[in-house]
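Below, each structure is written out as structure tokens.
Here chain A shows up in two complexes: once beside chain B, once beside chain C.
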Partner chain A sequence: MALSANLLAAPVAAPLLTAALILMVARWGGRTLIRHQVALTALALCLNLGIALTLFFGAAVQGRRFVLQFGNWTAPFGITAYADGLSATLLLLTAIVALAVYPFAVATIDYHRARMGFHPLYLFLLMGVNGAFLSGDLFNLYVFFEVLLMASFVLLTVGAQPAQTNSGIRYVVLNLLASTVFLVAAGVAYGTLGTLNMAQIAERLPLASEAVRTIFAGLLMVAFGSKAALFPLFFWLPASYHTPPPAVTALFGGLLTKVGIYTLFRSFTLFFPELLLSWQPALLTIAGATMLVGALGALAQPGIRRVLSFHIISHVGFMLMGLAVALSGNSLAIGFGLGAAILYLCHHMIIKTALIMAGGAVELYMGSDRLASIGGLVTRQPLLAFLFFMAAISLAGVPPFSGFVSKLSLLQITLDTRHWVVSGVSVFASLLTMINMMRLWRESFWDEYSRPSRVPSRLLQSTRRQWMMLVPVAILVLFSLGLGIFGEPAFRLSMKVAQNALDRDAYIEAVSPSALYSSDLRRGAFYTTGPTIPGGNTLSSTTLGEPPWPAR
Partner chain B sequence: MPELYLRLLNRILTPLLLLLAIYLLLRGHNLPGGGFIAGLMAAAAFELQILSRGHDRVRRSIGPYLNSGIGLGLAIAICSGIAGLLNGVFFKGLWFDLHVPLLGELAVGTPVIFDLGVFLVVVSVATSYLLGLSRVSDTAAPIPDGAPSPELSDSFETDPAVVADDSSLRTER
Partner chain C sequence: MTSLLLALAVGSLFATGTYMIMRRGQIKLILGLALLSHGVNLLLFGSGKLTAGRPPIFLDKRHYTETLAAFQPADPLPQALILTAIVISFGITAFVIVLVNRRHTVTATDYVHGEFVPLLREGDPFDFSESSEIDQYDWLAYEVDEVYDSDDLSTGFPPTPQSEQDESAAMEEKSYRWP
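Moving on to the complex of A and B:
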């Protein structure tokens, strides 16, 4: 195995090792030690970005697939790490978001939170997200979900404000419920298919009965849909995102729901592409409802961060729409829809993070984020007003920015596949987004200057802190602009990534679990009485036969 | 003051528990056992210390090292994985024979080192949980006659974590 495959361990190992070093060397307390923590964390984030860029060029641009079998134990027995274009794209975006939020976090996180371990937690969260994107078996996916859940729970509650603790408990309880459902799904997979390796599940799932496949898919849909904040299961998100410091909200808004979306993309393209055809009406309904509920809910929210976090839900609906039309059976639509969804995901991660950071800056300058009581910041902070405006219109989908390209491509494929209703809903949700963004901008920047409460004075005194808050926002907005201007190459690349992700056989081939069974399967010899699959003693009771869709 | 039998038990059991923890840690190499169980066993020894000597003294003696212990354990575990790169693949086991004077040849590999890391993490995490829980149970204990006993109020004031929490709340408001 080449060295390049070992690179897959780095996005998990580098943050973990750095966090361990911080815990070991730089103990809590003391401003010098916290400066050391900051330096180490920044170093790890830069390293992570470098690794992610390398993987991105290998996997997304060159179309390679990286597989790392830990300790050289092959697939069914060992742990598999897998990266193709989809995982590598998300890794790269995660690295960008984490690195961009970090200066903002350093500038705005107070000393007490830093003392309680904010910086190592930041790295643990990054490690959990990276690990979830890379894991090649269901159980490790679960483990990394838990890692990121615990890290985010502590990040949410560190500081121990009453509101934070309240929202933290709701967050962790609802997410643990989703994790339990996911664990049940993993149990179903292991009990019926005798494996947890994702490639092997994909290989054996056609052998399982219709009931098993439906239950497995339904459980995964509930678990991942809850992580991604889809329509009926989104309650944890608006309940919790507005309470922690703005930097934490920006990081969460950029990263957390995207893990759920990634796992939805991965599981539906790899495990049961055929179910998406039969479930398409339900999926499109969920997507439409998510878009509408997110946008309408945001209209009713009183604070900047509440509006922005409700909007995350709306955008998750757009991505699900891309996935749902992707599998309408039309081979052109398959790649096109998923590619558009991936482009939308990139756009969303970049611009949502920028917008939450800009909103957080407004909140810190004003001392409050209640729209009714703030206003007139444009004269005091013209640069912030400009950046917020640019990010807002990019989110709403105004031309030269990335929002336009991604929304246009999504809308195009939805219209091409004749899903009139959901495309109408998406246009309406975009309009609501525009209204929301203009409302946010008008309320916080226009009007008479009014400042309701005390302002953290050190923030206004230190120009260095102000630059550390604004420069990342500016860079992300420039990113969005670049993604919009170079929309065509970006879209081509995401199409290529989507095609790569849709190629189930290549995934199975790359991981190659148990060559014995896979070679049999490829010849089309399905077991009727033949060898038993180890651990899968219920296989005999399932109906075996031809897979419901052709191999290629 | 903790009861006499607890202090007596502490003297007898703590060394035994720690020895058993080390035995389980090394035994886990080939047989049931391993870092996690050994870590819990060692944490039980620390819990016995907390019960018999009061959480205050234990916190003062080992409290500052718990975070370092977690970090060190994680670092050791990851480094044992990175050592596998010498053999080509991340987490590939490296094996070498160690000649120990009394025991003869021992095959030692990176899995043992990984287990050592797990052991350190589990010991540190479990002990810090137990310290935190004992603080809660001490401060929440019913006070006889409605008057705060001198011991309890004393421990509350000298507890650095509680003081830090309070000051952080005060500055936030």
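Moving on to the complex of A and C:
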């Protein structure tokens, strides 16, 4: 079956239409209508998984590139949706994470939050994340960022408990600042390059002046680094992730920072790959500091979810380290670092979601997640203890699991490219991760059994709900185990994805943003007579230098 | 000259917005966010060339580039971008106002503080063992079973613990927590 590029609209359309349907027909209802909402949402999530699997097969396995020009408007004038291996991998992982968290969410979200629109918001968040992965246009990327941010604002604060509103303020303000910086970057791109289409930006950016490139890259780095919770910009994350219900934290921890990481990958491979070399010391410093600060910060935290949210920061540093060495090394290993980072991203999304869900289950059984006041759960919840342990050692990087393969490949490329300090820091951060995970497991499962500070609610004691909490964790842990056992094929696939992502010429050719006036370009009219396209007014031959093609 | 004025306006809006965000009152925070979004909108406006007196239209489709080069029409795209950005920032500002209002109701405080709120207090600033009661883990304040079993669907959220008390007395007592 030939895959149509129209499929690219589906990951955005399916959640959006389902959420709209829910809001229309099953709005604010009683228990029956909530059940309808749950059924519709689950249906949309399964559909999303199917679409993502199809796209993954086409884009990552077969290595194709899908481009959809909405309304058949040619590239720089219309809106472009684009999917290659990197987008499709992240779409698939997003679908898996969203579907896995959903049973947990249904089991643990209380009726009032459900009534205030938890289920449609879940779909809106999914829609924003999917749209950000598929966007081929800088401004559309901003819009999808705002969609997912708005959904996450409401998911974070619905319920309006004091802790939630406090963390909500910090989260909202810091994320809005990052969005503002991103919008400034979009304005700079349009003002200096005359376009917002990402392929056309990539086409024109090498011809722009050094100052424009540096400013644009710096703005994007600040904006996306803040979304990804890199070292000096991560404060919104540990300030907020411990306050909403655990299902929301699991969803956020699985998806939100990964959007930032994806956009960092995309912008550095597409817009300014040369900065991967010239900015490499700075990137590696940021990566090392992120790893170290995350791991050390986790060591000082008193609660399960606080520890886990600091570990999200720590592991984002690992991915940035892989990106920073993507173009280093000998020519045969081009993309090795990015491939390792993508594998690490997959591992991290899966296992972090599983860990936060397991930690949330502990919190629900004990009534609190303060390590000082919980303990001894291993005799009462042996399966939960087992799953938590497996997920914890996978996060720390113990062999049969995916953490080992991905950490090993990252370490290999950093050692090969002789970045001794940052590889030492990453090993140290892994050690701290191990210590922290063991601390979590020991404190919650192995201490004296302490009576829960809050009686676990009767519904949470029902067998069905317990299975709904544990089965997703088990599936994700099994997934991580499979990714670890079949490490080599997984790594080969992620290498292929990385090399596809690094091939910026193929991206530009697939979108072909200059097809409409390519005849003018061939004549050189664009660079001799000055601007001839809307918005391109500030481009002139003085800033552009020599055109990239030989003169006729 | 016009672009210099525009640059000055953008810069001052950014400066004022940043200053307002870094102050500690919640309302000032909202104003700061609004000013920042205005600054960005103006910046987007300036990203197209400032063309006075020319319409953003051209009619000759066949001689596209030639007409464009000769005519230099105004660029309509920044206005579309600004419109989108205005709508987004409008929605977000509305949300932030509601959030701030709700926060003022449930915590009876106007100050925006970070994780290190114990710094403002006596004693060891890094002693997290007894954090302020605001930061308790109370997301499960709604007892799930009771809520599911009750058929009373008329009310929205159940009253928070603070608002069960006499509200005015509580507000008076708590609004001066950090003078």
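Going forward, the second predicted complex is superposed on the first by the 515 of 552 C-alpha atoms of A that agree within 3 Å, B and C clash if a C-alpha of one lies under 4 Å from a C-alpha of the other, contacts with A are read in each partner's own complex, and residues count from 1 in each chain.
As a convention for this text, a contact is a pair of C-beta atoms (placed from the backbone, for glycine too) under 8 Å apart; a residue touches a chain by one contact, two chains touch by 3 or more.
This is a predicted model, so every value here is computed, not measured.
Contacts of A:Tyr190 after superposition on the shared chain: chain C is touched, whereas chain B is not. With both structures placed on the common chain, the touch criterion links A:Ala160 to chain B and to chain C.
With both structures placed on the common chain, the touch criterion links A:Val143 to chain C but leaves chain B unconnected.
Annotation for chain A, partner touching more residues between chain B and chain C: C. In the superposition on chain A, A:Gln62 makes contact with neither chain B nor chain C.
Look at A:His112: by the touch rule set out above, it reaches both chain B and chain C. Judged by the touch definition given at the top, the superposed model places A:Ala9 against chain B, while chain C stays out of reach. Contacts of A:Pro244 after superposition on the shared chain: chain C is touched, whereas chain B is not. In the superposition on chain A, contact is made by A:Ile169 with chain C only, not with chain B. When the two structures are aligned on the shared chain, A:Ser278 is found in touch with neither chain B nor chain C.
Chain A residues 110, 112, 115-116, 159-161 lie at the interface with chain B in one structure and with chain C in the other. Listing the residues of chain A that touch chain B in their complex gives 1, 5-6, 8-9, 13, 16-17, 19-25, 27-28, 68-72, 110, 112, 115-116, 159-161.
Interface residues of chain A, counted against chain C in their complex, comprise 30-31, 108, 110-113, 115-116, 139, 143, 146, 150, 153-154, 157, 159-166, 168-170, 172-173, 176-177, 180, 183-184, 186-188, 190-191, 196, 235, 238-239, 242-245, 301-303, 363-364, 367-370, 372, 454, 457-460, 517, 520, 525, 529-535, 537-538.
Within the complex formed with chain A, the chain B residues making contact are 64, 67-68, 70-75, 78-79, 81-82, 84-85, 88-93, 164-165, 167-169, 171-172.
Against chain A, in their complex, chain C makes its touches with residues 21, 26, 29, 33, 36-37, 40, 43-44, 46-49, 64-65, 68-69, 72-73, 75-78, 81, 84-85, 88, 91-92, 95-96, 99-100, 102-103, 106-107, 112-115, 128-129, 133-148, 151, 153, 156-158, 160, 162.
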